[in-house]
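Letters A, B, C and D mark the chains in the order given here, with residues in each chain numbered from 1 onward.
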């Protein structure tokens, strides 16, 4: 340890200043904090150096200490779950909504009017067409005007618009993994947009922390299955964004699967190349050269989901088997981080003008 | 219990006769019995009512009791692993080879000459072109003549030829799941054969019982990854058989994945339909109406791998999302049963003229 | 295949006789067949050569095909769940109750009066003291007289009494594993009965097929915990039976744990030896020499739960670390088989005078 | 975000100063970085604000980029594995040895002579008696003099001695969990020291990243077993330290088990209480009141291993079932963090006089 004593003293003073003047903080509220997205937000935000947790609501668990429900947070979160209270929420700088679909849109108007930014981790603001929303989510949209102004919070696409957004629609987990894998191809028109295939595999935490038979350990362990082949709510979301990226209609077959792991999404993406002379590796590397959380692996790689476990990274590899006309993209994320809470924090960082990686710069937990 | 006493006595006598005259049995030898295919063969054959286990070889474990290596077989298998011995093997009616690739072909000639039928569960007799074999398996084929006469042991295709076969090439696990899912479409020319996609997911037992880092529990658990996207040995095997079924060249993209479960393969298959007015459900049901081990689920179903765990069944569902031009077939097997040992026993049953389901008619183990 | 033709013909005739006169069958009813014990009963009984499945009830799923709920049974079980109907049940030879606790005792009197034998896989008839039952299960016992005559269905202890029993109380899963491990010591007074410790670990299927948060995959996977250290319902059951075996009061500390696997119980049992010169290995081997389903492993062994997976075996090893005064017994069962449905079938076999191992003689599924 | 602009500027300057003068850093070397302890050290140290990674050695992987072997470290660790080089290591402030047993002791003398502190995460310096070491590890100790001065690195016991230690013996994973659970009882003489029982369950990463059959996924998944009941190397280590704590000989039965999870140890500890009027909850809470990484849960709690996953915490609950004379302590850690790399970093922090929690203050990853 070779630091000169004067420097060490200086550093100590710096730390003191930083921690003493804690007001230089973003005051955060969380609506609906008892699900997996909620506890993951708390894991990230409780050690985020520029966040002060103000309030966390839960109708079902109001009055209960957060750390009693989630012992992993003992010593990190002293809050108690409270009933949603408009005044309390209005005192925050930003509110994350980690509720089931259809709740955030009922809070949105009041929050925006109070000058509070809203980051909805559910689906309320993801589909730009209110009719499409109603079709897939089974209820009319509560605030189409805010839907119109909401920004789809995929930083790799909308970074600039996120800075000023009042309402940020945090992308779904599957849509994040699929879009990051297909964007470089669609933005440059390299594949036939009519016949894209996204074969996606998710860990079971993606189904949420609800008591249901089909996600019991004894049902989902040592087992593998596809589901919702006939139609999944993430399909219109993915298609909307891919069409935006390509500027053309997109034909997408999307098959999600449940795989016996807690966290992680692996999207295996197939497209038919329009031309033969494309250096796909370079296309991907250039597209994401300046992205802090998208990592393009070298040629011939196979990213595994654990290489991003508990981290905000997306790792991608691109293949062209037998030098044929089919491109295969492998894209992995942690569904609870880059697919939910981590991306929400990334969006918050962008929206508040602080370093985008703040609070998100830990390596994945491996093994 | 309403059986009349005389009948009960008769039944007792019947059982006595069956068990007393044990010579009415198929005498079985196993070469290389220490892997997962070996222990699975033993699980099935040790209670097969018409099999007598004669010899099981293993160079590495010669002299060791089988039940010491696999305590699950205590009380069922009294054999001791022995060095491979040509004379002993020649005394069997049938020999299963459950060794690594390249071993069975060195035994084949002697066995066939001794009138012993050979069922190779490895790859030695799967590719009809010896040049292709050498390319993918890295060694010249030891007996091209026997390769020429060997029958590919997929009963749903080659049942009649299996009856008389001297050498049966038991299909690979992925090829079984993929072929059973695609055959009904290709045999009737319903899909574009140039752009088939097989996205397949396997449990870790598919990698065998070898000490390797990447299949350690701490590597493969809570993790998901693709592998060998650039080229997997099962690709030429699948393609050969699909081309045989369709009578045309086939373009197939095959991406295998490792999923954290012990047993099971889930193949998700994609093809582009040539016409719109096809009742796919009926096509599949008719194709497999008389197959004892292929079960076509009803419309809208999603088979899970555990529904075939430890059983010889293949369960299949066929989908056409959004009534579009893409057909999605879901096909599941237990890689160690229908994908290896069980199919081998099925082939033996056919070859020896006994009921094809003998010893294979237990339901899957669920949960 | 060396059977002489005449013998083969004879065998064929035998089989014909057996299968033609299907009336020589035990007609079985199942109350509450939608849980894991229910589906496991169906797995075993559907291929039991002397069982005819007559009726299976479920209030919640009445009208639904069994094989729709459990696709693993497609082709094996054609029954439809029905509302419990006294008359239908009265037409059975034996009824298994696989319901939650407190249901079987409401059916018992009617069944017994109709001459139907009742095997209760829940806890209603396990505790001989109705007061103790009420204390631990929170409701008064509905038929204390039948409780008094019920036989505790651990064949290794009560085989003779089971033959004639009208009501059989199938033991709990933990109690089976713990008792089989401690009986040889307690029956011969070899350990201090005041300070026994049973540290037991169960797979998650032991918690049943109910939608609950704590047994979700994302909660129970990659996790390990103790539960109910303050008191578990199996504690009084174990203690009652150990006291019966030893003839003295027993002090037992019982700590159950949840371990991330589907099936299996591993009980690690600790006792203080009274004397130094005991050949424990021989004690155990002699105790279970004639038991078809209890397997005492050789000295220095460590049974793993998968060595009994999906089978009715209990495997046991006995250790004396450092030749000290502490004996350590390792006892493993499959909680759904020897710990529930399999033992129930074993009890049925005994009660109906057929070979005790009928329908239960398949090796464990490994891997 | 309510920080006044001047303060923000000040904070920025502080950060600048801290990061600019990077020399105020501990220069770290790692010997043997390719195992799970190695990659876990790298995960923690790569974001430790006062650590500079200098060198990481591996004979087998010399020349390979660390991030190629462990893609989770891409963007965090730029180092290349190198052959062990005495001069390079001598330039470090501290060297962690994450090698197999028997290697660190061959480097120790040279490092100490060069003024480099050594933290050995293997077992070389854990047993104070060289004879005992030789007996359990099968080789003579290479530097008994350094063994004599080495400090056993359990901060909760030896914090003061660690500050000045030249050689720190990082405790084993089981010993950490067991000691932290038993120390409060033994230090105050509350239990009979002759009959302690430690029933411990470990995730599979505890077996290391070596290719071995018994830790393959297909062997260890959906399975549970005890091992080394006759004697495990951690037994003498635990006993040595418990005897030091209690000042008397200790009789300990230690049974380790393998449980199908990646990370985590759950120790279930049993002791016989000497007296009845002890408030055990208070004893534990007082013992660990000032410990940053030991968390005593409230009465009636059951800590689960995931509540400490990927964190440096030990969570403990104490029970007295039925108010009897048996105390049951539940103690959980992450075997790779508090049981290995995390505790090693904690020791480094102490030894270099920085805040003990630096780089270790992230909540557990749940789910």
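Convention: contacts are C-beta pairs under 8 Å (C-beta built on N, C-alpha and C of every residue); 3 or more make two chains touch, one makes a residue touch a chain.
Only a predicted model underlies this, so the values are computations on that prediction, with no experimental measurement involved.
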Outermost chain relative to chain A, judged by CA means, is C
Between chain C and chain D, what is the separation of their C-alpha centroids in Å?
41
Report the inter-chain centroid distance for chain B and chain D in whole angstrom, where each centroid is the mean of the CA atoms.
46
Take the average of all CA coordinates in chain A, do the same for chain D, and state the distance between these two points in whole angstrom.
33
Interface hub residues of chain A, defined as touching at least two other chains:
36, 203, 205, 209, 218-219, 221-222, 260-263, 303-304, 306, 309, 367
How are the chains arranged in terms of who touches whom: line, ring, star, complete or other?
complete
Interface residues, chain C side, partner chain D - complex:
195, 197, 199, 201, 203, 218-219, 221-227, 229-231, 251, 253-255, 257, 259-264, 266, 268, 270, 272, 300, 302-306, 309, 319, 321-322, 324, 326, 328, 330, 332, 367
Would you pull the chain A residues touching chain D in the complex into a rising list?
1-4, 7-8, 10-11, 13-15, 17-18, 21, 23-27, 36, 39, 42-43, 46-47, 50, 70-76, 93, 205, 209, 221-222, 262-263, 295, 297, 301, 303-304, 306-311, 313, 315, 336, 352, 361-367
Per the contact definition, I'd like the list of chain B residues that touch chain D in the complex.
36, 203-205, 207, 209-213, 215-222, 260-262
